[in-house]
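Below: a set of structures, written as structure tokens.
Two complexes are shown next, each including chain A; its partner changes from chain B in the first to chain C in the second.
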Partner chain A sequence: MTAAASPLRRVLDALPITVFVLLFIYLSVNSNSFLSLPTLELILKQAVPTVLVSLGLATVIIAGGDDVVSGGIDLSIPATAIICAAIVADQLTNREATLIWGLVLAFGAAGVIGVVNAGLVVWVRMTPLLATLATSVAVVGVTKVITESRRIGVTDPTIVFIRDGQIAGIAAGVVLTAIVALAFWHLVHRTRWGMNLQATGGSRDAAQISGIATNRFVVQSFLLAAFTGWIACTFVLARGSGSSPGSEENLLLEMVLATFLGAAFSPRRVVTVWGAVLGAVLVSALSVGFISIGVNVFWTGCIKGALILLVVASAAAGRAQ
Partner chain B sequence: MAHALLQMHDITKSFPGVLALDKVALSVRAGEIHGLVGENGAGKSTIIKVLAGVYKADGGSVAMDGETLGDVNPRTIHAAGVRFIHQELHLVQHFTVTESVFMGQELSGPTGLRRREMTRRAEAFFREALGTELQGSTLIRDLGIAERKLVQIARALIDGAAKLVVFDEPTAPLSSGETKKLFAAIKRLKERGIAMIYVSHYLAEITDICDRVTVLRNGRNVAVFDDILPDSADAMITAMVGRELDALFPSSNHAAAAQMLQVTGLAHEAFSDVSFEVRAGEIVGIAGLIGSGREELVDTLYGLRKPSAGSVVFDGAPRTFKAPRDAVAAGMVLVPRDRRHDGLVLDMTVSDNVNLASLDDISTALIERRKAGAEKAAGVTAQLDIRPPNPAAVARNLSGGNQQKVVLGRWLTRGAKLFILDEPTVGVDVGAKVEIYTLVEQLAADGAAVIVSSSDPAELVGLCDRVLVMLRGEIVAEVQADMLGIDHLVALTTGGQAA
Partner chain C sequence: MNYTTKLLAALAMSVSVAGMAAADGHANLEGKTIGVAVVGTQHFWDREAFNGAVDTVKELGGTVVPVDGGRDNQVHADNHDILLNQGVDAVISILGDGAVEPKFEALKNAGIPVFTVDHQSPHAVNNTTSDNYYMGTTIGRYMADAIGGEGKVAVFNAFEGALRICGIRTGLWKYVLQDYPGIEIIQPELAEEFANAPEDARKKTLDLLSQYPEGTLDAIHVGCWDQPAIGIVQALEEAGRTDVLVTALDGGPDTLEIMAEDGSPFVANVAQQPNLIGSTAARNVAAHFAGETLLPQTFVDVFPVNGQAEAKAAYKELGYGSLD
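This part shows the complex of A and B:
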């Protein structure tokens, strides 16, 4: 006996993909350059920071479950990336420290954020949505103190290489990000640790009964998320040639959209690592596409917000069916 | 005679104010299916939890294979080869069969998960041990309930170390066809020499598959049956019940008047083709185990669930209640089974809870007249003898019985025509029970129709005029209460006797 999905559920499942396909058709028709190799490369380069933070968010959602309110979510990853970028830029430019030292300091900061998030969720038992929103706001505040709300330019050769360099003829940032993404995919989808992480998010009770220490996995997911924020910081610096406070907002928007959009592409309709990567690339393509046909950047934000609503709402409605 | 695999001796366990187990013994022989039966509160779950190491016994010993276990905790019990199939399925909907079977015990090599090996082993286990073909790549959400149960069983047994498997109400959510499938699997496990403890309310199943049966009553051993025959169910019921009707109940004999509710062919996922009528001034009981469809029927009548077929005529007119507010507007009210979550706003006062459903009566132009509300609540408090007699008391701090009176009081202020009481006395002490029974009796005497849905057979026999018995989604009997003994009703609800 099998329980077939209802027709309404199938429509809801297909809705986000359909809307995206229609948007891409529209962009291809209205822009001469949208379907070209240079644009593709630009899309991938632009996608890099979003891919990295989406890996983190996907990990947290997989460990905490995909209920938008009570499940796992970490809104502080973009803020983590931005504060790490600020710390590195401040060390390099204002204090003439080495890149390594800047990265070490930033790693410490990311670690603190991860521990605070994990502590609030697992021990204080706050909902992840509120806990990470609060950390995010606090982290943005500290970032402003560090940078005095000003842009800090960076000219470190390693950062410049990540921006302009190539590995095997492909942009260095894209290659490095692909390696990180592959590592995450293997960890989450191809190891015992990953299966236990998925079980924890899939059903906390089932996981516990199977002898899985669920809290440990939730804690580790928040630490990994902070870690992706830390990795993303170098790419944020490369993309902007320095640290720019305020850029976490767009990153947050793209991260949430990419990760939940990824679920719509997964055969099981759940958040996955490769789905998040694909989602991030599509979201980047959308941004580049809108610019190429001259859509006002403020409208782009509005459209992305509407798409988040569409993706998350259709997932929620599909579950209710 | 086979040797004893599990021996639990003199197990005693008490909770504050309750002696849940009083020197209970349970002995399971190698390779047998051992039934464990008893009414709600007899101590079945408690002894299983002691065996699982979830509860620590106050006294007694547990031995496996002749060796006494020093410390009974989940780890030692697992190491001793005891596995538990919980009543809840505890599966991840979007996991595959393979992933579910190996959850928490995945096979892994140097390059990561050994998916193919896991799938091969899982499918082989289903084929050889459970006698069913199940694809490892199928998602749990695409399986029927019986198959999910088999996945749950496979998860417990896949490591091949199980000697004793405890089944807790495994068939409660299953239809009779699905039950057969499960039984086939259980019998195959028995052929492989695995002993089982089978906990169930369904006596027909117990007599069907068990080799021996232990009966508990009020935390004590009352009988062990060695030779199980189809007609052993009667003797088991006598052992389980072992009591006469308490003198809690007011005399009940009502002159049933005009028809109030007529249900015809009502159906839903959990029940089908349900037809019955209730007359004004009559108390009609609904009996049935968990999974019988009794709870869903009550919810459907009240507009909480959508029926898939059938019609309801209430108070002389055909009705389709889309939501409880429609039912309330028509004069049908529900006292829900979970009063703490669904019946009361626990942090509000008695007064606010009482007035919740009739705010229109105590407000003028959208402004609540607090004084009128307080007076009304004071009247209800006095009428129902709610203690403390203080409408300003917070509902959370009241005893279970008094909380239930508050819920009833809310509907009294509306003058409803049909009261549906779902498990009206669960968690209520004896004194308050008598008061609630008297109140229900009064409602009927005043001309209201009353439906009592209950898992307590004594309550149904003592309080009602007529009892409908549900079993696996169908009404299997309709009996006048004065023709009905507790034993008889238990036999009907447990499938221990045909209607």
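This part shows the complex of A and C:
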């Protein structure tokens, strides 16, 4: 038998959704074009990199638990995406290498980042928040060394196709991202491996008693997160027609908001793959909506920050109840 | 003719040239919705160019859809998709790197004319910009003179390959220095960050000073703008190395104030008129809709500023107030 949720818990549960619904009503009323198919397509296209890195963060949180401090979190995924983008752009433009070779090198870099994160968390026993923050700072530094803090333009036809091409009448980037999201959903929510991953994050002790090698799943979650950073790099390159320094900051903000916002929309208020995807799309919709009605970009950042606080505080208060 | 008189004459001429686009009275923007996209509004130059464009569109009867990239080139580029989606009649795009090119192309293909500011593009009807050629050569001469025609010079040069205007300014600065064989540009060149330029330049300058002790570095130049120069001067003052001279480009009020201080190491600059540039771009949009044929580029005059006295004069004449 479970105790009925307290009134405070019910209010906290409903708060993020209520705020978002009100925001969307406000945007729909104030922008003639917000509720239209072209805007939906624009929202989905702009959501692509955020969706991909949010898949990685969702996987780490599912494996490590949703406590922001002691649970699973990986703040280095956007930095991984940006360094991979820089490596590929550098290889394509400055060294005249092939896209495949650039992606191979970037895959190696992402693998190193994943191993370092996993090592710091599982073996050194650092809190994931600090470990991945430190990794992110280091990775951004290495990225600046690779790019010399300069933009590197890319005109590779595959990257251009991801940017401008269509598959079955839908933007290629959106279709490819949907395929990756489906694969992640299947892996995390429909396989035995995924069930064990969820068990690890749900209760580490219980999972260990059940014979699950929990450390192995935490390690694998960080490797998968780095993998999503690697996948995201081609979409980052496509979106910006090259590698631009400084792109990781906005991506980090949107990734954290999207992933925890997704949890607020799930029936059990837990982080899920589809929740992360929905969260990323909603965050993109907010960005497009705010810009469309002329909200100052600084207010947009402020609102996003406040929403992160709201969804994380709601989750924390819910656990405390 | 003294510096102030020359400055006033040039100002009057540049204002009249800029106004020619809409001078015939029938060029207006009534009934038109104009998207104005700016890469950021944190810095004086960007903000003034943006304000100039927005105010002039309104003055000419148009409706403005403003979008601000928050000093993030990617967000700035993405904002053009929103303007395309909103079906504006024309777009004025201020700054931005190569990420905006596909967006310009999409706007052009949708029949929306693009007018750029400080960004040459094959997809734009017109680019309004300062006389970058004059800026590059003048600052080269001023810097060479300031260090007596010889010495070691470090350069912050992050954007020479990414932005054509920076390619022109820094390229011509280097071209001038070819005639000064005694001047050596320290390699590798430095690259400043776009978003946090003053603080980033301060740190990099402190590193540079530790590598080049007193007497081994003569000047630091910023190749395309002057926000990093704020941090460079801070670092020189922190390290007690104000013997190292600083030169840069843009000449906003913040850097002119630094130049006007007694004993400032910041000795030369070239001041632009960002508000007039933005305003001119808006008038070019009106001229385009009035059926006039525009040249690919509209150049707005710049004002070389050499030393403390000229910094004070330029500050006053450009309408920033008085430093006396």
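Operating definition for what follows: the second predicted complex is superposed on the first by the 319 of 321 C-alpha atoms of A that agree within 3 Å, B and C clash if a C-alpha of one lies under 4 Å from a C-alpha of the other, contacts with A are read in each partner's own complex, and residues count from 1 in each chain.
The rule is simple: a contact is a pair of C-beta atoms (placed from the backbone, for glycine too) under 8 Å apart; a residue touches a chain by one contact, two chains touch by 3 or more.
Small disclaimer: the values here were computed from a predicted structure and weren't measured.
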{"item": "Combined model on chain A: chain C and chain B, fit or clash", "value": "fit"}
{"item": "Of chain C and chain B, partner touching more chain A residues", "value": "C"}
{"item": "Contacts of A:Gly119 with chain B and chain C, given as first, second, both or neither", "value": "neither"}
{"item": "First (chain B), second (chain C), both or neither touched by A:Pro38", "value": "second"}
{"item": "Which of chain B and chain C A:Gly165 touches, first, second, both or neither", "value": "neither"}
{"item": "Touching partner for A:Gly294 - first (chain B), second (chain C), both, neither", "value": "second"}
{"item": "Which of chain B and chain C A:Gly111 touches, first, second, both or neither", "value": "neither"}
{"item": "Closest Cα approach, chain C to chain B, once both complexes are overlaid on chain A (Å)", "value": "37"}
{"item": "Shared chain A contacts, counted only where both chain B and chain C touch the same residue", "value": "none"}
{"item": "Chain B - residues contacting chain A, complex", "value": "86, 88, 90-95, 99, 102-106, 108, 111-113, 139, 141-144, 146-147, 155, 178"}
{"item": "Contact set on chain C toward chain A in their complex", "value": "41, 65-70, 72-75, 77-79, 81-82, 85-87, 97-99, 101-102, 158-159, 161-162, 188, 191-195"}
{"item": "For the chain A and chain B complex, residues of the former touching the latter", "value": "1-3, 186, 190-192, 194-196, 198-199, 202-203, 205-207, 209-212, 268-270"}
{"item": "Of chain A, residues touching chain C in the complex", "value": "33, 38-39, 42, 45-46, 148-151, 153, 163-164, 239-242, 244-247, 249-250, 288, 291-292, 294, 296-298, 300-301"}
